[in-house]
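Next up: some structures, all given as structure tokens.
Look for chain A in each of the two complexes below; its partner is chain B in the first and chain C in the second.
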Partner chain A sequence: MIAAPEYSFSFWLTLSVLVIPLVASLSCFSIKQKIGWLAPLISSVLLLIASILAIVLFFQVSNSAEVSYSWVWFTLNQKEIAFSILLDSNTSIMILIVTVISFLVHLFSIGYMAEDQHQVRYFGMLGFFTFAMLGLVMSSNLLITFIFWELVGVSSYRLIAHYQEKESAIKAATKAFLLNKIGDLGFLIGLIIFWSWSGTLEIGDPNLLRIPAFWLTAAGVCIFIGVIGKSAQFPLFNWLPDAMEGPTPVSALIHAATMVAAGVFLLMRISNLFTEDVFMLIAITGSITTVAGAIGALFQFDIKKVLAYSTISQLGLMVMAMGAGAMQGGYFHLLHHAFFKAGLFLGAGAIIHAMHQNHQSNLDAQDIRNLGGLRKKLPVTFISFAICAAALAGIPFTSGFVSKELILTQMTTWAGNEISWRWIVMSSAWVVTLLTPIYTFRLIWFIFFSKPQHQHNVEEAPVIMRIPMIVLATGSLAILSSLSPIHISSAINLLQHSYPEINSKVSLASIVIIGIALAAAFYIFKNQEVKNQKLITPHFYLDVVSNYFMVLTLKLSEATKGGDKLIDSVIHGISYLQITFAHITGWADRYLVDGFVDGIAYSAKGVGAITRSLANGKIQSYLLWAMAGLVIFIVWILY
Partner chain B sequence: MYLLSLLIFIPIGTALLALLIPSRLASSFRSIALGVSIVQVIILLLILSQYNYEGGFHLIEKIPWISIDLGSWGLLQAEYFVALDGLSLSMVALSVFILLIATISSWTIEKNRKGYFILLLILNGAIIGSFCALDFLLFYVFFEFMLLPMYFLIGIWGGVKREYASIKFFLYTLLGSILILIVIVALYISVKTPESSDRIVHTFNVLHMQDVNNLIPNSLLSLDSTKLLGSFSFRYWAFLLLFIGFIIKLPAVPFHTWLPDAHVEAPTPISVILAALLLKFGAYGLLRFAYPIFPDAAIHFSWFVGLIGLISIIYGALNALSSKDLKRLIAYSSVSHMGFVLLGIASATVEGITGAVYQMFSHGIISAMLFLIAGVLYDRTGDRMIGNYSGLASKMRNYSAFVLIAFFASMGLPGFAGFMGEVMIFFGAFQSSTVNGLIPTWMAITATLGLLLGAAYYLWTIQRMFYGPFSVKNVTSDLTDLDSREYIMLLPLALAALVFGVLPQLLLNYINPFASEFVNNLFQSGNVLTP
Partner chain C sequence: MSKTDLLFYLSAFLFCSGLLIAVTKKNAIVVLMGIELMLNAANLNLVLFNFQKKGMDGQLFALFIIIVAVCEAAVGIAIILKTYHYYHTSVPDQISDLKEKN
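Here is the complex of A and B:
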């Protein structure tokens, strides 16, 4: 039975934070096209209010521990499904980050999308996404989580397809939605398993664990399939690079900071439901993804695609951390990643924006080979981009270093001293520690340092776009999460976790590796002719597989079409048979039955002719026949 | 207060009166039809205010109808017996709502308005009558009464190949009706009223038929009957006949090929009624007649029923994917969605049955919306081929918004009614193997592929027709956005799809008692029957 919620201050606070973005979205959609310029203002102001409330909520929750609310949504088979909310320190900081980054992205979009024709739709969907994402974070009922999970997917679809006249954007949106849908089906089956065996979907309900071990593992695996889809893990990560067709601020918010991290967040939220086998699957999938993403990032020339592959790699790292006993590190990294990756994307957006402002030619502004030497022309963008990139690379004094440190430390403990499969998983974390600085350096070098191929007369982005970048870059500094640049143990204890003892060997090793990586990258890229670098498309042949499935499905659908033709031809055959039969019976009717009847008629006629001759109208002859009849009758009676 | 009778006979009576109005006054007929629909909405509201959420039947009206003494054969008895329970109430509410929308949608009909609207009114009464009837003979009369107006409405007001489509529709459904009629006769001679003591009183009362104690010993369909035909007893055969009779209506694969043709050729309002209401009789018949009357057979054949449901889901979705005609695509999506209903029924769990009824309701709303949307485009261009359009979103902004809503609602996006029904069906179908062991879990898991395919064919259609650069082939007329009449039709449907997706309890209040009673009765009598 679900207890009635207590309508306290933090309840109203939570509700407002959730509902304000929805209000922003609805008011955008209800604005007439003519006054479309109002949409960015309204939604940004509302999001600012939501962010302030989220900050209050965060402190409220960290003061008074957990907050939970529950409303019965509907009853099914006498069991209640509740719209329930659980706010602990992990949730409330995620809420804070989602609203703040969403607000910053709104702000940035005012400048970035200023000339767009469809601002109403853009800001409306952005608000709706924020609402759905907050719902996903707050919910502590798996069905509700799933519902918001799907809703963020739809808003992602709509925003990727924002430039809806562009063929590639629509295709990317469709692909993203379908690959996500595969994951979502996994999630749905997981839900179904939990419901069938335990009759509840409340995440905290102990009954969820009292189900047969096989089904517990199966449910865990299924839900993890959902995470694979949403958080772009192997083998469903191919949609994320394509999703870069959407507007750049959207990539920052949805495809870097929040939505794709939802899977990682979910893993943490329901980690108590996973069995050992599921954790193993999570760790291995994450390790494959993180290495594959880093390799992908090394070979891209599109600035957004480099960042997309880097996002895949970082998400893989987080997922691996979740599966490999480094849950705190993974979650910490999620929060940090949200800041520095959003900062990188906004920086990329500022660069693209600047290039578009000044180049009317068909120069591809996203190709880093066309950029170069922008350091002096876009100083603010450069500095903020560099800070965020340093955080991505895990350089000391940035937030990225702190959380990567924590992950490495915890994973080292997890891997143990004996050599096992865990060592392979752990080594992938080190490989990524090596690869990330290399591709990050490459990106920075090409954009800001290398000799430009073209003359750029670019100007810095307007203030409204610069502010979010500066805020995000500041947020990527280590000072915000840890007082000491390299010691996680002195982290500001916002999450009320207890942190493991710092392993100085791990710290030292990672600093050395990053140093080597940077030196190597400098050596590789310094003198390289960028144009000659060979392009490989690291889709890892996964597109081939998904295309193969698509072709197979279309062939199947042609087959079923043939099946319908077959059914119809059987039916037509039966009808023709029937018609033929009807013709035969018709013929028979006319010639046999009618013939028979006619025959009888003829014979009657013949008999009639005979009898008629008897009835010749003479009374004497009638009398004669009557007498004869009477005689016969009497004879018959007598004998 | 004979509310139900009023609901049924106001349209029929009006139709008869309207016959007297000369066809010169053509425009009066649509106002009359609209008036009737509005009166029906008011009556429906009165019914809802009187109905309480408890199980069982409400608003019962029972009047002797036919009573013939057959000498040694006993007494023939048929009643005018109408009532509502959770199942029929949700269907009646849906019907009233959809018929109102369909009447508004008929506003643009030009050809022989008198005939059209009179047939529409007869159809209206017959649909509601069949959902209320609890006497099998009465049901059958209403059921057949739907068939004929439908035949003419497609055959006269339809598209190019209307004759073929209407005769195909007619023959298919007639076949179904005959199968049902055979079982009605067999049931009639096997069931007596509980009141009949030494003198047997035969009855068509469905509630009597559902009680195994009313079976006449040693009759054709009695439990102890040892007569076999092939490998099945007569009871099993009777169930199969009813089952096939009703899944033709549903329609389920392989009895579905009348549906795409009928939809493609039918005028928009008739497509709406066909998809939203007439298809529901398939599932309604199973839930009201086939399952409760033959629970033993239903349990015996549930695996097979589930399989047909699963095949319909996948097969229908695949066919939708290969459709080049927008209306055909929507028609096949109906096959797929009704397959979910069949799967839910086959599971015979409370969740599954609740979900099946919910899905019937939500499909009624969403499919109506889909066909109206196809109609909007057809009205403007006379062309339904997906490949002939591109980038409509930039030209018809609001229309595309509604298309997006309808498509996402139909592919089962949470927040819309379709999702609720489907998720409950999945809950039921999956747990069937542990709760009652009727259908295996792989069926539920495979069925989720229907959702993936659903997303695929809808998104692909959006990609091809609505996004991309604007271009339209062979169209001369101007593509205008929605007019106010189209808003009046689409907006309430979109809102209904949303309301029943966000507040499922509104409908579950009615369905829950029905579903738990249904499952209880099924297994109580089912256990009596199968040792």
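Here is the complex of A and C:
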């Protein structure tokens, strides 16, 4: 990477987009408690500025070519680690999405968190979260990416644990943190492999690919483990439903733009580093995740947990698509998903908020069995929620349909005509296409249509919460990214990729499947009273997996402790050996080497004394010795 | 044993006794006398060697040495006198300036 010599307009734009959320965060943290009510306003305004700048930046980048900058941070053994930024159209649209959704979440939070005691901390962390994610998106050096990756993890941890007085929130945050750490460890090992073989961590550097095939695969797998942790893939996805303990807008941010999107984004960013085997692993992991998430969503009663499992399912779909080589489809779906999932969470937040405002009872406002019939009472929420849910289900004329079409088409092409393991992966995509409308319909039906169990005197959320929902619902319409709902090639050329032709058979088949699913769901749930719903523990194997991992982690820590002790004792022994050796060398030094030197000096002294004794100042003795020397000389001459 | 050989022995005797005097005697003047004896022994040798070949160079050599020895003796006595003035003794043993200072 060669640093661009001149700092152009787009550079300053990029820098300000990155820095403004940080400024928002810092100003929130430094604000005095007395004027704490200012914090939400300040950070929202700053985020608005940032998102406007991001829009400008997006058009700037899509007009001109890629933007890349690089500053050397430090040099290690003549290898450089640089703060480098690489902006192409993929990155800039991600920046756009992150800032816009973050701004909308900020706006929503003003209403949602109005009565919260710790608003200042909350908004500060939101800003920091956004900053970390933007840094992750912009950086093109894997080490810097990793640093921001960890920052994203830390801020999500803080935000999940926002309700500190709830023990479950603390536990959920800790779980999220720990499960993420497993993944991060993999990421770190991957980085180490890359560094030790190629000596560079620049994403665009061709040297990264010139390492032995085995190690390339190993590094790819390790980095993918990081993605598994961050993007809640099988088997590390259990933290995501638990993370619902955080405030609902945070869930919107985590699920849409920041936390879980980071993993999928990274997959897209470094996809050129993966080998065939890694792609296979990615596809299989994604397919397991997507089916497991969809099944999990079917059995949940907590409105937010349904959404959480659907996120897992959709993330699995994206990861699977990327593993199958459908990079564009997966990435496109990530962007669309950001919009409709944020919209769904904000809608859920609005419902919960309305129920809480009600003060009516101590009902669990998040349990969909307690809701029902809210359609007429919360019309705005209902419409925006329904549009976003339609996008999630992949109903035509929504954005979800467009990107799902792309994924299904590319998957079908990828699976080929011959039956192989790829068919299993592909079929899971179809299974999810079938399952998603069912659980989406179930959610909508229970919240808005079914006969209410209790009388709710709820009121619509305030305007400041309605606006973000309306914006996100509009963003979930297909019209924003593609003029024709079925044919993606007419998409506004957002990503500057050429899209493959959509197979009309695939489109037709998916429409049929979605129709069947909706009809079936309608038939299943229409006459079913909510109370008749069997209380199925939806965790089935998930908890087992989770517990297994916890136990494994504990055992691992025990083992590492034992290993630590072993290493300790070995080091101890080595140090003892060293000390003994040092004593021996010290003795040898003192008595052998020093003695030798002393001996030489002593003998020199002795010789000197002998020679000196000749020069005793007595002329006669000098004479005698001179004579003796003469005699010796003569004798030597003669014989 | 010829007469020349006897004279060689005499020369050796003179040299040895001169050396003995120079080394053992206490007074510097006597030491100087011993040195003169050794010089005479050397001169005697030169004259004797001259007998064994033709020419006069050995005897002339001896003559020059006697003249130089006279000068040398004069210088030596002057030095001894100077030393006596300086140290108030003419015994070499008592003068130890040549020895290193401890």
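Worth a mention:
Here is the rule we use: the second predicted complex is superposed on the first by the 529 of 639 C-alpha atoms of A that agree within 3 Å, B and C clash if a C-alpha of one lies under 4 Å from a C-alpha of the other, contacts with A are read in each partner's own complex, and residues count from 1 in each chain.
Definition applied: contacts are C-beta pairs under 8 Å (C-beta built on N, C-alpha and C of every residue); 3 or more make two chains touch, one makes a residue touch a chain.
Since the model is a prediction, treat every value here as computed from it, not as a measurement.
Of the two partner chains, chain C is the only one that A:L624 touches; chain B does not reach it.
Using the contact criterion defined above for the overlaid structures, shared-chain residue A:L143 touches chain B, although it does not reach chain C. Residue by residue along chain A, chain B and chain C are tallied for touches, and B comes out ahead. Using the contact criterion defined above for the overlaid structures, shared-chain residue A:R612 touches chain C, although it does not reach chain B. Of the two partner chains placed by the overlay, neither chain B nor chain C lies in contact with A:A213. In the superposed pair of complexes, A:I35 makes contact with neither chain B nor chain C. In the superposed model, A:I637 makes contact with neither chain B nor chain C. Residues of chain B touching chain A in their complex: 168, 171, 254, 257, 260, 315, 318-319, 321-322, 349-351, 354, 391, 393-394, 408, 413-415, 419, 423-424, 426-427, 430-431, 434, 444-445, 448-449, 451-453, 455-456, 459-460, 462-463, 466-470, 504-505, 508, 512, 515-516. On chain A, the positions that touch chain B within their shared complex are 73-78, 143, 146-148, 150-151, 154, 157, 161, 164-165, 167, 170-171, 174, 177-178, 181-182, 185, 188-189, 191-193, 195-197, 553-554, 556-561, 563-564, 567-568, 571, 575. Those residues of chain A that touch chain C in the complex are listed here as 612, 615-621, 623-624, 627. Across the complex, chain A is touched by residues 19, 22-24, 31, 92-93, 95-100 of chain C.
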